[in-house]
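Here it is, the structure, as structure tokens.
Labels run A, B, C, D, E, F, G and H following the written order; every chain starts at residue 1.
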């Protein structure tokens, strides 16, 4: 079974497209929590309020790391999508983390970010623009079949 | 000897401040190429032109990775500075890479980026606002002496 | 499946609370032998008496280590509870062992031990006071759902 | 050169005794910060005050971890001394951390703690009562000469 | 279960012979994409054309590496066959990759390549001339039964 | 599931006693080929005769290593039995190999070999005289129950 | 200091060109034995004749592996040159070995081998045609200076 | 510098022969304690008497392991000599330990032990009969020069 971790942008349905596109194949998926509000507030919701925003965020980010590290460590392939908005430093951090562990990295982003992402892309085995390309790659890796 | 890698922002003199501030102590420093133009064009300058910007950048980013990986792999401590401008995904990538290798991570950034950097900060052993704080931390780690 | 090792205090039912609280989720648990008498005497009971208390304990502690190391090595998450009594150095030892292996660490203790446990807490991704908080964290990690 | 890290109790001169006793041999030593006040307050002294004692301690403990991890990771032998007072969970944590990294462990404590330290002792290659015994062991390891 | 990766030559049915010969035993197989055309063109077929042959091949080779690395990393035994034709540097590369990961290596080639393959053979636990010998070895490893 | 590798002496039924004694528990076993003749001659039987006894043995020993390494690498616990006869250097080699991989080691031998095996015993978590003691230890590790 | 291993083709002076070109910089070099006759016959010259060519070569190749593995394991950067003649499977083996260890890989070959080396090139951080390009890359990595 | 650990037989001057034979080359040596009496009694001499021979030996063997593990872990090459007498299980244990760490192994023994040592020899890169052969191999590895 090919284990795939889907990191990065959480505001579009790219994960669903990839999962749907690979239905029926020997592949399993994991991902970070994609509920933005839950992801931001999990730390204080469970462990108690923090008046200081830094610690509010710290508690949440460390809690999310339990899930993230498990997902990346278990994965064969880590797909990281950079969306059009936000700093998305956590996505780049995940890419670096996965690269250091020797995971196969697939990066997914539009042309506009090409230059800014060159170091991240340079660590990848494939750089895609569309979720469908990720589907095609993983289908090929699993079945030896090219699209079309 | 404490080996320190200074990653990230290359437009201010923060590296020089840290190196100067720790003069005389048992510490060594390494860093990426900080000449922006050289860093962008090294690939094609040495290996030949590429009409496609993606491969132009790819060649350069991979060449720079020879230096970056050596620096991070050899380091005990990786300091990553996020400046005020640019996407700086390479900085976040380095932070993730260092974290996965179990390096001690010190992050340096202004308050305005606090929320966007929470996952990166959460992997760090210290989060600073000023280069002088990095100096103080490393001096303390090396000598047990606090400032003042 | 998330594999969780429950280390530390053996005189209350905190393990049962956590296991009960996560019933039905994709999680498995392991733990040290929690029968205090068996744990103390296993070495001599199986391998023969020792007149010297040090070797009596040594034989038992090494035998228990077969189980403990397996549990920690296999785990994704190691929860360590410090109770109100006893030295509990084995709990802190397990925490250090898990931290060096890069396991996600959750520490569980009352406020009174806060200062004495600061180095252990500093290596954790979450510090809880109640077993229910561990349940809430692991449920969130597994399902993205916050309590309430 | 044999690299030795001296972890644990910071209120007596046991480190000095060991270092003095091995003068002239091919051995180097490292240790945590042994200035109790500096060790407790380093975090807030450099990075700013925290009203909450937990974060006060957290900042300091993480800063100290930069030094501690470097010392343990570089060491061939980790000596951990448990004194007569305090919880000393950081000492047990260091012992577990060192054990997981496969370091040779020497534990130093009085008889009164024998039963409580059995799991820690069981991971050690030598259990001593006096610093002079540590000196004798390391001298023997370095020179093949027994005392007397 | 014994996991076997079948690397190298893709123009004869040696993989099928081995898989057929071990039918019914507790063994699983993986292999690179053996459709030569798909393997050569996968990169541009999915990610877009490249006028430069180097990048055409680069894109394809990196995409194939996702499958190859997964196969080798998961394997207990890596069998590498060198055929009579072509440079087959990818086969030797896989052998080196597998050797560095500590995989058990079985090399399969005719006598004519003996001298040229001496460094590769020297890293192997068995050097065969016929696929049937690989079958016999793996059957013996799995069942303790010798042929005949 | 606890994975146990049973290394060493192949002339008595100690493996069967252990396997029988643990029937019904969550444990799996692996072992070297215990058919002495097959183990000695496997190399030449499959890969062709060698006039030189050294290479005859070399081919066989390397072929057996495919099975042995898989068994030890996969194991949580490695039991090594030293019998009354023969040099049994392969048993001691397996013990060293397992120790370096951090496996839990149980050594099984009679008193007469005690002094000669002291370095091997010193790396073990338990030293037994009878297979029943191995059964009792593994049952305790799996179920927390002591015999009797 | 940057440690560089120079693997592959031994019939031209490319190693000398690179070493000469980097004179005065903080770099050290290692390489395989480049005396072809010595490299072929070292095994039998020291350990005794073998009538069978396979074992003649096996003894030599394993002896050379002592040097090769040390060189690659110690290196930060592995440069592998493929010449115009011969199978050069040892060069590709070294490249795979280095890649699996996470070394920075620079491949050096003429255009004619481009397609046959695509899997090897795809694992590299730079692909060169001339030794001078390797000099330029390593000088840039060490000094941040581009040629010209 | 090539780091060599000389394990095994302690009753002849083979270590001195090798060290003498390589004088002036870039090589360093380490070895176990070769004073038999000190090696047997170090544990009780420093840590106190044990009435039970098993613990007497255990204390000593664990103390010696501090030196042995350091020597093997730091080594590039581990030479293990099996003499004519004794069980020498510690030598075989060291060989297995070194093999699992991926060290280059050279075994040194007379023909009479050939069959009994086949598994150990099969893990080695060279099998010698005389210390001079070890000298010749290491000189060749260091200088590319063959004897004579």
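Note that a contact is a pair of C-beta atoms (placed from the backbone, for glycine too) under 8 Å apart; a residue touches a chain by one contact, two chains touch by 3 or more.
No experiment lies behind these values; they were computed from the predicted model shown.
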Item to check | Selected pair, greater C-beta contact count between D-H and F-H | outcome: F-H
Checklist entry - Which chain maximises the distance between its CA centroid and that of chain E? => result D
Checklist outcome for this item: Per mean C-alpha coordinates, the chain lying farthest from chain G is C
Item to check | Intercentroid distance (Cα basis), chain H paired with chain G, Å | outcome: 31
Checklist entry - At what distance in angstrom does the C-alpha mean of chain D lie from that of chain A? => result 40
Checklist entry - So which bits of chain A are touching at least two other chains? => result 62, 65, 102, 127
Checklist entry - Across the complex, what residues on chain H touch chain G? => result 2, 76-77, 102, 104, 106, 125-128, 133, 136-137, 140-141, 144-148
Checklist entry - Can you name the residues of chain A that touch chain B in the complex? => result 53-54, 57-58, 60-62, 64-65, 68, 82, 86-101, 113-123, 127
Checklist entry - Taking the complex as given, what residues does chain B use to touch chain G? => result 33-35, 38, 41-43, 45-47, 59, 62-63, 65-67, 69-70, 73
